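Below, subunit A partners subunit B and then partners subunit C, in two separate complexes.
Up next is the complex of A and B:
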């Protein structure tokens, strides 16, 4: 999945997982894993690449990483970020 | 000039002007000796009590002339909707008194008032909440019965009350009629985040600058006690459309709700003045009141930077101090007006 969403690109993130959406003025707190995914998506990573990164950095099974990433991406879609 | 639980724009504007010109001579016009901004450290150099605009144009201009004679000033920036409605058609009379003012055209004000907004917004292609305009309580009750409760009942300038029953509507509507007169506006309540856009129109359809915020903290009076700068091209586009269509001249505030049902912005109202948060962008380098003074004086103004999203303000109440002698001075100037208002609620400036 390729993403080039302006909304996603505009998100303001800090290293502690605080996310500010300048479009809506809403703010969020994401986990370290969520932050990895968001930054990956901002760089243009695919879901497969995110899963591979989580498997490599978090030591989780590929199936678990895939499920969690899919759920996270679904939530981002609900927010209109993708 | 009040900055309490229902803050008004005047004090914020004075503070912004002080940022640009610390030594400017600023005259504050007030309706109530207990307006807290009178006593603020960065407040006006002098304050005078004014009659409410409901006293009529002649009384208002007579008092302005007295104020100008006592404490000469060159430019006047009304910050109260009812003042602006009264004075928009009296620019010539004000010039005759040596008072410079730049205001929207009277026709523009009428067009953008709450009563006409449903018609003009449809023409502009700008979404608004379902709204009906009533000449009296009876019509308002009919509109509400058709729309279904709850509804907002609003006056032509101020006051908006959410009512859930005909009895509540009648009570709120009667209070609005007593304070402001007709019409009454019956409007559907919307769920969603509230956004405001403040800016300056150049009178030819262009924008000198604007700043969009989302309310973070909303008081029980519906006031934004905290807001954050946002950037949404849709909001910018609607703002540009409204200002272009109206050829708006001067300060404005557009109030929106981002409707949860379809994520669309719906325009709630157009305020023909700076909002109470006008001092916030000024502190970050976008001084709209100073730019407007420059525009009035010179026909041009300093560039207004676009503020970055994420900057926010929180309203912070402090105690200001005064002496009863100051109250007495204000009362003596206009006893027939200010004495009675000392014990009533403040609505203005």
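Up next is the complex of A and C:
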């Protein structure tokens, strides 16, 4: 059956950071900022936009937010979600 | 509106076990020690920092004394110097009535400087230098003879002094619950100790007044002391029958467990560790049961250290780096019910997405690097200290590997401590660490930290300052031909051709 969904779009998230990947049956726990990023990516946000959101909501310095967001996105790539 | 506290975006795969958020329990926080804020301690004395509670030291020795003195008429505690010989610590115990128990000439000297009379020192150990032995004899210390050579040395000394020397004899006993500490003393089970006591009586001017037995360390079974106490009473009676008595005192050594937790220990210390009353009943009850009725009971000496000082000691340390540690367990394996294999959904190609990544990247564990290492936490080789954040946090608890600051791969303080997300600069408190870590710490890579004691009035006293370069280099001597370095600043720059 052909579908137009993606691995990222298939993910099921709840507000407590619990993530279920129906493609593998695996479950994950993301931090609060990880949830923000994951939902942002599902909406189509860029990394720059994610960084800006973390800076705005957490008051973290931009270089720290950039460093951590890049690492997070790298992990999602490892999972094949991006 | 205040910004939310920043925690880096992270993702962890949920294993069957970690799906239970209660698995790791609550995340207790230790914001203060004896009413003094941890942040204030660090601001004043730097990080890392050992902190001792004087109140807890006094409460412990008082509880121990009460437990034994309530069931036995003649009992004296001797503070085990090797467990922690910071002078301030020793003096607290001496103020509380404890003698000193030392195992070297160095410790003997410390006890004397701390104002302990020779006659109030129990001198143990397998090696006592001739000078230390001579001084201990002259000052009337309670010498516990460990071996044949020491007996001969003391016998010669008695001849030299032209008078008797009173000693105790150290023995070891198989209590069935621990490796027999046969390194120390004579075997009380196979007749060796009795033969030696009779020989001493027949051939020397030594008078054996006591029998000493240290069953082992961190004894979680108080029953081992009952076995040892029975063996010592039987040996005392046999020695008397052989004309080598009377034995006036029994010394059951130390070894009472603290509320530390051994690696692999299933039950928490609150359930596994016997109380002082349990040890008292095992020792005193046994002696009273087997000592001949109508005879004055022997004096009882106890040298417990760990159980008195461990919980009074804390190590405050700071997170200097946060890492993610890749784990190699169960990454593509369906762990539930231990059946192994590939996850059903992945095997079926659910949702028709074809090949899926195996998730290696997210099979990670939080890890932190502290500014303290195992060079000042020697006991972490056997025990796992609890590690508490020093500030409240809203983050959930997760398994966290706690690394020390040393450039050594073995420097792991806890393999899996339940901790919330921490960041560089956060303080943590490790506990209990009061026993042996000070005395067994080594100067290695980093300076050893300062030590403070909080008194019952919440005043903080520096009892050992932080080490300096001069402390480390003071004993060194550089030969003349090495006095000049070839690494003075180069005129042409760092990289010379």
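Convention: the second predicted complex is superposed on the first by the 77 of 82 C-alpha atoms of A that agree within 3 Å, B and C clash if a C-alpha of one lies under 4 Å from a C-alpha of the other, contacts with A are read in each partner's own complex, and residues count from 1 in each chain.
Heads up, the rule we're going with is that a residue touches a chain if its C-beta (ideal position, glycine included) is under 8 Å from a C-beta of that chain, and two chains touch if they have at least 3 such contacts.
This structure is a prediction, so every number in the text was calculated from the model and none was measured.
Once the two complexes are overlaid on the shared chain, A:68 sits against subunit C while remaining clear of subunit B. In the superposed pair of complexes, A:57 makes contact with subunit C only, with no contact to subunit B. In the superposition on chain A, A:23 makes contact with both subunit B and subunit C. Once the two structures are superposed, subunit B and subunit C can be ranked by residues of subunit A touched, with C on top.
In the superposition on chain A, A:12 makes contact with subunit B only, while subunit C stays out of contact range. In the overlay built on the shared chain, the residue A:80 is in contact with subunit B and with subunit C. Residues 10, 22-26, 80 of subunit A lie at the contact with subunit B in one complex and at the contact with subunit C in the other.
The touching residues of subunit B, when paired with subunit A in their complex, are 193, 195, 213-214, 216, 227-232, 258, 263, 309-310.
Taken together, the subunit A residues at the contact with subunit C in this complex read 1, 3, 5, 7, 10, 18-19, 22-34, 36-38, 54, 57-60, 64-65, 68-69, 71-72, 74-80. Subunit C makes touch with subunit A in their complex at residues 3-14, 18-19, 324, 334, 343-346, 350-353, 356-357, 359-362, 395, 421.
Residues of subunit A touching subunit B in their complex: 10, 12, 20, 22-26, 80.
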